[in-house]
Amino acid sequence: MTEVSQLPTPLDWTSDEIMTVVAARELTGEMVCFVGIGLPSRAAILARSTHAPDVTLVYESGCIGAKPDRLPPSIGDGVLSRTADAVVSVPEIFSYWLQSGRIDVGFLGAAQVDKRGNINTTVVGDYDRPSVRLPGAGGAPEITTSCGQVIITLRHSARAFVEKLDFVTSVGHFEDEALERQREKHGHGPQVIVTDLCVMRYQRESREFELTSLHPGVQIEDVLAQTGWPVIVSDDLQETAPPSNEELVALRGFTEGDQASR
Amino acid sequence: MNARELTLCEAVAEFVHDGDTVALEGFTHLIPFAAGHEIIRQERRDLTLVRMTPDIIYDQLIGMGCVKKLIFSWAGNPGAGSLHRFRDAVENSYPHPLEIEEHSHAGMAARYQATASGLPFGVLRGYAGTDLSRLSPTIRWITCPFTGEELAAVPSLSIDVSVICAQQADRRGNVMMWGITGVQKEAVLSATRSVVLVEEVVEEFTPHVNGVVLPSWTIDAVVVVPGGSFPSYSEDYSERANDFYAQWEGISRDRATFDAWMTTHVLETKNHEEFMASLTVSLASRHD
Amino acid sequence: MNARELTLCEAVAEFVHDGDTVALEGFTHLIPFAAGHEIIRQERRDLTLVRMTPDIIYDQLIGMGCVKKLIFSWAGNPGAGSLHRFRDAVENSYPHPLEIEEHSHAGMAARYQATASGLPFGVLRGYAGTDLSRLSPTIRWITCPFTGEELAAVPSLSIDVSVICAQQADRRGNVMMWGITGVQKEAVLSATRSVVLVEEVVEEFTPHVNGVVLPSWTIDAVVVVPGGSFPSYSEDYSERANDFYAQWEGISRDRATFDAWMTTHVLETKNHEEFMASLTVSLASRHD
Amino acid sequence: MTEVSQLPTPLDWTSDEIMTVVAARELTGEMVCFVGIGLPSRAAILARSTHAPDVTLVYESGCIGAKPDRLPPSIGDGVLSRTADAVVSVPEIFSYWLQSGRIDVGFLGAAQVDKRGNINTTVVGDYDRPSVRLPGAGGAPEITTSCGQVIITLRHSARAFVEKLDFVTSVGHFEDEALERQREKHGHGPQVIVTDLCVMRYQRESREFELTSLHPGVQIEDVLAQTGWPVIVSDDLQETAPPSNEELVALRGFTEGDQASR
C-alpha cells in the first residue's frame, strides 16, 4: 500500500511520465484500441486502470480484450493471452480485426514523423545503405489506414520531428487531396501526436499538425527548436493539465510491477 | 505420411540444407531457439530466412554468417533494443552483405495465408503511399473486378522448411500449441517440409482455449526438446527470460562480445540442454 | 458497445427488418432454428437469405413466404432428401418467385472471408469450366500480377444481420461455441448487426478444443434460448433429432401438409419452448 | 457378436452394398480423403475399418482425421467433430486444406455424370425454369480440381449417365487439351466411377471413362442400356471381386449402428 504521506507532489513527474499520462487521456469510453509495444502499451494500460476502464485493448500478437495488470515487456507476453477475451492467429488479427475497420484507435510510436503525420520506422539515411537500420514497418502502414483514428507518441527532438522523412513507412495524411479523400473512406488517420513537450493535433484546414497544448514548464520556443518544420501554433494554445496523483500512482504501480516481475 | 520422432540434431541434418528458405516462426511466444542454435552448430550457409518478427535467434544466425537473405516485417528486440547483428549486416555488410525483402505485418500475414491456401498471391488494403510499395517488386496493385477499387497484391512465399515450437505432441505425432500461436500454423502449411519441437509427448491433449492442432500427416518430424523455446517461453511450461532479452543489447552491439558469447553458449554446448544450463548460470551471475 | 441481453422476440423485432439481408448460419450443428421460427411468427417479408447450406429452417422461411432471394451453395436436407419448399419456389414460383444467387462452398467461404476482412472481393482457384461461372455475374476472373495465373474472384457480401447459435455466453456478453463451428465467426464479423442465441450464461468459459470466442463488442444481442438449435443440435448440450430430418421429406413435399405442420408447430406456438414441446410430442407419437 | 453360422453367404448382398464395398476398395494406404455425405462417407468409413485403417478422413464441415465408428447421418454430425484430430472452420477447410492441394482423394456423388466425368448436381432441365432443382454445387467444383484424384460413385441409370449434362456443376476433364493440361497442374481429376453395376476408369488415350469391371452377374448390355453414351469397353474387362464376408459384416455393422442411433 502506498501511504498518503508518500503520494507524489504535483511536480514530481518525469517528461516520460507526462507523455504517457497525456497519451492515456486520449483513450476514453468504450474505444477499441490497437496497441503497439512500449509507450503506447503503457499509456493504454494506464487509461484502462484509471479513467477508461471500458477501453478494449487489441494486440497484434492476436490478443483481443487483454486486461494486463502489469506492463508486458513485449506484445507477446503471456499476461496478454491469459487475460484476453479471445486469442486469434496473427493473420486473423490483421484481416478480420484490423483491416475490417473494427478498431477505433491505433496507438503508434515512431522514429521520425513529419507535419502530416507520416511515419518512418525503416531507415535513417539511404534505404540501400542506411546509417541506421530501424526495425521496419511492422503493423504501422495498415494501422494508420485502417483504424478510425491514430494516436502517435514519441519523444520530441529535431532528429525525430523532421521536414522530410528519410523513408515513408506509413502515410499519415496525403498531400494530394484526391488520395486523402480516398484514404478517409477507411479511417481518419493520425489525429494527435503526444510528446514529452506538447500535444499537436491535426487540422483539416492547414492539413498539418499544429501545436495545441504545451506541457507545464515548456515554452513554445522549446517545441520550435526541437521541430524540423515551421510549426503552426494554435490560436487556442492550452497548457496541458499536469499528471494527477492518481495517474502517477497508477503508472508507477505498473512500472514497479514490471520491474518486480523480471 | 505421419511425422517421425527425431532428435534435433537428426532433424536439422535431414531437413535444413544449405541454400534453403527457412521459416523459424513464432511471435514472442514459442520461438524455436533450440533449432536456430542447432542450425548454427551444423554451420548451414546461404539460408534465406523468413519471419514476421525476426528477433534474437535470427540476429544470431545472421551474425554467425548463416544467412544470405531475410524476408520479414519487423526486425527488433521488442521493448529492449536493436538487433545489432542484423543492423551490422545491413549497415556494414558484416559478416557479409544481407539481402532484404521487407513487408508490413499485414503484407507478410497475407503472404503466409496465400501460401497456406495454395494461391499465388494475397490481397490486402495496404501499403498506399509508402516507400516500401514504391521500392519493392513484391508489392503490386490489383483492381477489384466488382468495385474497381485498387488493392495491394503480395506474392506467396516459397518455403523449403518451417520449424516451430508447440507445447505437446501425442503418440500419433499430432501436435498442439496454445496461448499466442502467431502465424505458425500457416508457416507449417506453407512449407515443403516441417519440423515441430515440443515440450513433451502426452497420451491425450487437454483442451485449451485457442488450442491449435496440426495433424501428424502435415509434419515431417516431431522433436522432443524440453524448454526448446528458451529464452523465449512456452505457455504453461516456462517463463520468458526477459533479463536475457534486455542483456542482448550489450552482447550483440560489439562484434567480439557477440562472437565470444556465441562460442561459449552455443558452439561449445553440444545441445539445447547444455545451452540452457550455460545461459541459466550466466543469467544468475548477472543478478548477483 | 457490449452486447445486450434480449429475449428472442425483442431481438428479432429490433434487428431483423423487412427487406433485410439475413444470414442464419450454421453447418448441421448449431442451426438457429428458434430465430427462424420467430422471424416466421413476426411475418418478415422480402428477406434476402444467405447461407452456405440452407436446410430445413430456410425451407420453412421460403415456404412461409418470407424470402425474396437466396444466396447459397448447397440447398438440401443432407442424407435425407430435398428441400421441397425451396424446390417448389424455384420450380413453380410458389408461394412466389425466388431469386437465387448460387456459388460453390469454396466460393461462398471466400465471400464470407473477404467480407469479414473488409475486402471487396475474395480470390480462389475454382469454378473453371463450370456453367455457374458462365451464368453468374458474381463470378469474375482476375490475373495474378506475379505469375499471370487466372483465378476466380467473388464479391464480398452485404449482410444486414447475422444470427447464430453458440453454446455459452459469459456475464460480459462474450460468447463461445465449439464442435463444428462452420462459418459462423465470419458471418458475425461480416454483418452490420448480429444476434447470438446461447444455451446458457456461465460465470467462466471452460476450455474446449476448437473453442471459438466472439467478444461482446462484436455482437449486438445475446439471447438465452435453451435448445435454440433444436431439432439441430448443440454439442455437449443436445442431440440432433435425426428422425425429424428424415420426416421432413414427407412434411414438406405437399403444400397443404407443410402449411398444417407450420401452423401447428410454429404459428400456434408462441415461443421456442412451446415449439420444442410440440415437436417432441409429435416425434414421440411417430415412434409408437 | 455375429456368430459364424449367421455370416452371409457370398451371394447375400444388395446392389447398393457392392457399390459401397467396391468404392471403399479404391482407398488404400495413408491416403487423405475428402469425403462427401451419403455413399462416399459410407465407403470411406468402411475402408478405414477394413483394409485401409490409415486412411485419413477430412469432411467439409471442418473435421480433419475423423474416426467415426458409426455412419453419421450428416457431415456435420457430432461423432465427426468428437473423433477428429482437429476441427477447423469451413473457410479454412476449403482454403488451407482443399485448395492447397493437401488432399489425395476426393470422393463425390452426383445426380448426372458424362463420359468425361463432368458432374451435374444443380438442375435437371433449364437452369432458369428447372424441372428438378437439385441441391447445387456444394464443395464439388473445387474438390474435382484440387484433389490429387477423384472417385465418383452413383447408381447406374440412363437418367444419370448422360451424353450431355443439363448443367456442368463441376468439370471432370476438359475436352480442350490446353485447358486439360492447365487443370492437371493441380490434380488429376476423376479417375474412377463406381456404380451398382460396374467400375469405369478414365483413360488418357480416349479421354473418357471406359468400362473396366463388371460386378458379378451384370452383363455388358446392362451397362450399355443404362448409359447415355456409347461406352468404350476395356480390352481388359474384369469381373469385380464380390464383397467379402468381412466387408459385408463391417458394412452392416455400421448401418445397424446408424439405425440404432436414431
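Each chain carries a letter (A, B, C and D) given by its place in the written order, and its residues are counted from 1.
The rule we apply is simple: a contact is a pair of C-beta atoms (placed from the backbone, for glycine too) under 8 Å apart; a residue touches a chain by one contact, two chains touch by 3 or more.
None of these values were measured; they are calculated from a predicted model.
Undergrad: Which other chains touch chain C while also touching chain D?
TA: B
Undergrad: Per the definition at the top, count C-beta pairs in contact and tell me whether A-B or A-C has more.
TA: Greater number of contacting C-beta pairs: A-B.
Undergrad: Where the CA atoms of chain A average out and where those of chain B average out, how many Å apart are those spots?
TA: So the centre of chain A lies 28 Å away from the centre of chain B.
Undergrad: State, to the nearest whole Å, the distance from the C-alpha centre of chain B to the C-alpha centre of chain C.
TA: 40
Undergrad: Which integer distance in Å separates the CA centroid of chain A from that of chain D?
TA: 57
Undergrad: Hunt down the residues of chain B that sit against at least two other chains at once, touch-wise.
TA: As it turns out, chain B has residues touching two or more other chains at 113, 118-119, 124-125, 185-186, 209-210, 213.
Undergrad: Please output the residue numbers of chain A that touch at least 2 other chains, ranges allowed.
TA: In chain A, residues 86, 95, 99, 146, 186 touch at least two other chains, as defined above.
Undergrad: All pairs of touching chains, please: list them by chain label.
TA: A-B, A-C, B-C, B-D, C-D
Undergrad: Show me the residue ranges of chain D that touch chain C in the complex, using the header's touch definition.
TA: 37-38, 60-63, 73-78, 80-82, 86-91, 94-95, 98-99, 122, 127, 129-133, 135-142, 145-146, 167-171, 174, 179, 182-183, 186, 261-262
Undergrad: Which of the residues in chain A end up touching chain C in this complex?
TA: 30, 32, 56, 64-65, 85-86, 95-96, 99-102, 146, 186
Undergrad: Residue numbers of chain C touching chain D in their complex, please.
TA: Residues in contact with chain D: 27-29, 52, 72-76, 78-80, 82-83, 86-87, 90-91, 102-106, 109-110, 112-113, 124-132, 135, 179-183, 185-186, 209-210, 212, 233, 235, 239-240, 242-243, 245-246.
Undergrad: Under the definition above, what is the set of chain C residues touching chain B in their complex?
TA: Those in contact with chain B are residues 118-121, 123-125, 138, 140-142, 144-147, 149, 151, 153, 155, 205-211, 213.
Undergrad: Quick check on the complex: what are the chain C residues that touch chain A?
TA: It comes out as residues 1-2, 113, 116-119, 172, 174, 185-186, 189, 213-218.
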